[in-house]
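Listed after this line are the structures, all set down as structure tokens.
Here come two complexes built around subunit A, the first alongside subunit B, the second alongside subunit C.
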Partner chain A sequence: MTTRFDKLGVVIAAIVAYAAFAAPFATLRANRIVPGEARSILEALPPTLGPLLLAVVVVAAVVALLKTPLILRLAASVVALAALALLIGVAGGFLTPEGNSFARISPASGFWLLIFAFTLLLADGLTRLNLSPSARIAVLVVTAAAIGMLLVSGSWNSLSILKEYANRADSFWAEGSKHVTLALGSLAAAVIAGLPLGILCHRVEKLRAGVLNVLNIIQTIPSIALFGLLIAPLGWVATHVPGAASLGVRGIGTAPAFVALFLYSLLPVVANTVVGLAGVPRAANDAARGMGMTERQRLFSVEFPLAFPVILTGIRIVLVQNIGLATIAALIGGGGFGVFVFQGVGQTAMDLVLLGAVPTVALAFAAAIILDAVIEMTSTRRREAQPA
Partner chain B sequence: MKEAGVKAWLPSLLRLALVVLLIAFVTNPGWFEPLLKPLTESNAPAIYNQGSLLTLTLLHLRTVLIATVAATIVAVALAILVTRPAGVEFLPLSRSLVNIGQTFPPVAVLALAVPAVGFGEKPTLIALFLYGLLPIFENALTGLTTLPANVVEAARGAGMTGWQRLVKVELPLSAPIILGGIRLSVVISLATATIGSTVAARTLGEVIIAGLLSNNLAFVLQGGLIVAALAVLIYDGLSTIERYTARRMGQETA
Partner chain C sequence: MIEIEGISKRYDATTVVDDVSMVIEPRTIAVIVGTSGSGKTTLLRMINRLVEPTAGVIRLDGADNRSLPGYELRRSIGYAIQGHGLFPHRTVAQNIATVPVLLGWDAARIKRRVDELMTLYQLDPQAFGPRYPHELSGGQQQRVGVARALAAEPNVLLMDEPFGALDPIIRNKAQEDLLAIQKRFGTTIILVTHDMEEAVHMGDKIAVMDAGKLVQYARPAEILAKPASAFVETLVGASEKPFRLLSLGRVRDAVETGAAEGEAIPADTSQRDALAELLWSGRPALPVTGADGKPLGRVTVDGLVKRAARPT
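Coming up: the complex of A and B.
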């Protein structure tokens, strides 16, 4: 009998049982900073919907618990997640007292645990499906579209995090675009500078250890210190180099954040370029030389394409890391989603923290999935073109 | 010959000099005041004066140590679990979870842990623990899944039980790779712990943040340099241990 249970299902069912029956589903607070009162699923939802949600999560948990077909497990997790996403919005409207604009409703631990449990089930199902790279991107796009539709439809508007958003809608998008510009811009700069540097390190062995050591040491400097240390030199440049200030070079703000992210990004780009080029099979190089290719042709049409997946892995590391690190730019006035995180910490307003943290995590997550898919596509194409 | 001798000793000498310099700086920061003074403006103090640098350094190291030990125990235990026949069902999922986990920025983890555990050292420990978990788990998994098949077969052939194989063959053989993960995790934690001071943990980040807030570059520099020096030394020390265990396991040094 015990063999009939799915092992992961046991874990999921246990989390669901605790989250649905013992943990609070939503928190009701009189205003945005006071401690809240917990509400269970039955208390947080209208009398018909509460039992319905309980039924949905229990059935989904049973599907997870037993050894059921993969497609059923995927369906159960999607239905449960959709029900949770829709009904937390309903709970927001239901719990808010009539005409009270100070009260805040936010999802509580039970809700997050249920989301976690069913995401686990979904992730397990998707992993077992072994989706192709383009299918993974499609799943990502569909998920993003569904979340976007929920946001636009306003069904979550009664939740606390969106009330924080409503108060700051303009600055949210401004900081968001700053965040993306910082992360992508510093990545682009690092690729432009790092690729030639990596090629140089590959060709000139004497340089290699030295350059990589310096870049390694830069990585050990804590981000907040590096951001801070760049304030002085950039401030000096801004006042002493004519034209620099008009280009946006300042001691504080975006410029030091950009330079710091650029410096952190160099190591993965340079190191992976070196590793990628070193991994180019000698036979390929010899063949190219035999065909009479020049150094330059060899670099661009043989070495570089073969090393590309490894270099792309470096770029993936940099992008995910930069999206996270860009939150710290807020400490030196560089903007980005970190502004909300640090404001929220300062005011002990957790919804404000979430307003900064959730988009950051979502961006990093999406970037990781997209780049992983691209890496897989380029490396399989390489393998097909080059049967071993 | 003589030149080769100097070259071989140079790294060790540099390391020793860095250790001496670091200890001198945290115990007697006053000696270095003239060096840092030019970085301050309008007569601000050049040496952090709201707490002893030595205490902060030790607290910083303690936080990183606790988090890393906890992360190592949990990560290695998990990696062992998912590579046993009983837990093999969890292997693909655990891989994707590790990938997902790495996308969480430390600042977000830190800030989100505050409502659950309050300000101070605890949220920092949680963030460092979660962050430290990933590199160790990933390396332990690589180590345990890429063992030479003939060695494992030989151990089985010699009549070893599953437990004996794990303790006497698999873990020792993957020790160098696991240590590599721990090294990575410690270096990340040393730097990340400074961010803990944004939620009032007592680490060297306090010095850096005080410098950022009062526009005092000397503070930022001394906090940053102490952390960087610690990271370089610990990275170096762990690499040495790693090479030593790899040699003992008869593997080539990478």
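Coming up: the complex of A and C.
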């Protein structure tokens, strides 16, 4: 036997086999809240396209299963993903009964599993390519552009998520910008407050344990509880501090959400600043002082550049965490994509939940890729710089 | 000239440096020797005020070293440490330029000085200037560390075990380089080490420290001949004494008239190496030649053995 199987390929092939032949490809519902009827690939697509899609995913799965050249695996995953992305739109149009605007077609578990399997294959291939940070960002941009083009072209318009979007286009972008503002704003505030606090903790040893423990405890408070705890003090501030209310400080709404996200962000920023500064070689610090750098010169030209990649890692954790956590802000009227999630849960309209969840996940994913690339770019020199 | 007067450093109840006074003549090398915890590094760090003394005064060319802010004082004094302390995120050229940049030299002058020092240390400025410290060998890193300390043409250079991390062969070379550069620039060097061999080799004067006190401060020959205490005696190493004494002198000073068979010894070889050569070759005498290759006379085992005896 000369044929050998790729380990990850076995998993991918198994998922594809189940998803393509046993799981439903699309769900058809008479309206947006009733349970739906499952449709397989062959049922969901026109007679020519159904077998074609099956053929594509099976061939791609075989490519994944066997030990094949990297370039072939990448091509297979891209072709399969593109076919799935295009044909789910076709399925939407094919399944919608003529002139019926209440019916909802949504991708079902089979579709999502196929997407998952081939994304896994693509990610594995890209990892093996060992792409440079800028190339990774380029791949991200191309992917985003491709998805953007599909959205603009209208080929997905017959799908249920986009029907929910069409009904809420204005509020979608408003909540989206609120979401991003909340996540980035609290991150910026945490960096502005956390960096000096981290430097202080590094310099003053007595402060370190205390500050880090307090931040640790804050981190363990469940987010909903923290929102609740903030209502009273912020309400008090709004009524007693002149000008606070006009700035938007209130017991509920954006203010407590912002404060809570800020508090959650502090620990990673402060802890990583402390760790980063502690990792600066002693001899470099001693030499910097011995050659006549002032404390400030030493901080900015020796300690900070050397600690920067570690601090950036903390910022990455915070950004990804905040994009996810900002969803909960909707609970207390803080806005963001969470609004759709909670409305959807309230109406048992899964499509509406997805309208909130999918962009959140995409944002967090993109933020992680971009910041990972930036960290790698800044730390290349540092890693080389570690004494051998 | 560096005058240290009644310098002490106490941390709470422990006295690290206890009432030390010594004078270091300009253009000489003073080596501070001691075991770990003897306070030798603290004494060194009080000269450029990385450590502030509890009592006493240190004067550099007559001026109290507290008459300037600490960081300005330190810019005027070279500083090289064990493990070199190079900045890992800066290139070799940037590392060497550290103090000139702090002093605000113009770019052309900095580049000239960096190139000069790198050439002096046998590092090609084109090839090594843009590299990062981790791309260099240990010996090269050490040279860059010393070049960086010398960049702003300081009159005084403080060195804290600068050769401690080097292997014996590279250490020897580094010591010779430092001696040559000290002669060339006339820098006053204060060097801290725990290695008596290095102290005897490098020092115009040796200061022996024990438990914070300056036990003896004298020329190497005197330290070897008349150790002030049992501690100095141990540090010198009883069995090593005659050889260390010989290592201070050159063959030039031990030449006797007469001829001898065998391979000639250059006149600037140390007497210790000459004795080793005589013993190894099994001959009682060997001819000596000057730098120009002319015979000067001979050196004998008997003559060297007499010189290795305790001076009276």
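By definition in this document, the second predicted complex is superposed on the first by the 380 of 388 C-alpha atoms of A that agree within 3 Å, B and C clash if a C-alpha of one lies under 4 Å from a C-alpha of the other, contacts with A are read in each partner's own complex, and residues count from 1 in each chain.
Note that in this section a contact is a pair of C-beta atoms (placed from the backbone, for glycine too) under 8 Å apart; a residue touches a chain by one contact, two chains touch by 3 or more.
Model, not experiment: these values are computed from the prediction.
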item: Contacts of A:297 with subunit B and subunit C, given as first, second, both or neither; value: second
item: Partner chain in contact with A:132 - subunit B first, subunit C second, else both or neither; value: neither
item: Which of subunit B and subunit C A:331 touches, first, second, both or neither; value: first
item: Which superposed partner A:288 touches (first subunit B, second subunit C, both, neither); value: second
item: Subunit C versus subunit B, contacts on subunit A by residue; value: B
item: First (subunit B), second (subunit C), both or neither touched by A:120; value: first
item: Subunit B versus subunit C as contact partner of A:232, first or second or both or neither; value: first
item: Doubly contacted subunit A residues - partners subunit C and subunit B; value: none
item: Subunit A residues touching subunit C - in the complex, by the definition given at the top; value: 281, 283-284, 286-294, 297, 302, 305-306, 381-382, 384-388
item: Residues on subunit A engaged by subunit B in the complex (per definition of touch); value: 6-8, 120, 123-124, 126-128, 217, 219-226, 228-229, 231-232, 320, 323-325, 327-328, 331-332, 338, 341-342, 344-345, 348, 350, 353-354, 356-357, 360-361, 364-365, 367-368, 372
item: Subunit B residues touching subunit A - in the complex, by the definition given at the top; value: 39, 87, 89-90, 92-93, 95-97, 99-100, 102-108, 111-112, 114-115, 187, 190-192, 194-195, 198-199, 204-205, 208-209, 211-212, 217, 220-221, 223-225, 227-228, 231-232, 235
item: Interface residues, subunit C side, partner subunit A - complex; value: 48, 50, 71-76, 79, 81-89, 98-99, 102, 132-135, 145, 148-149, 158
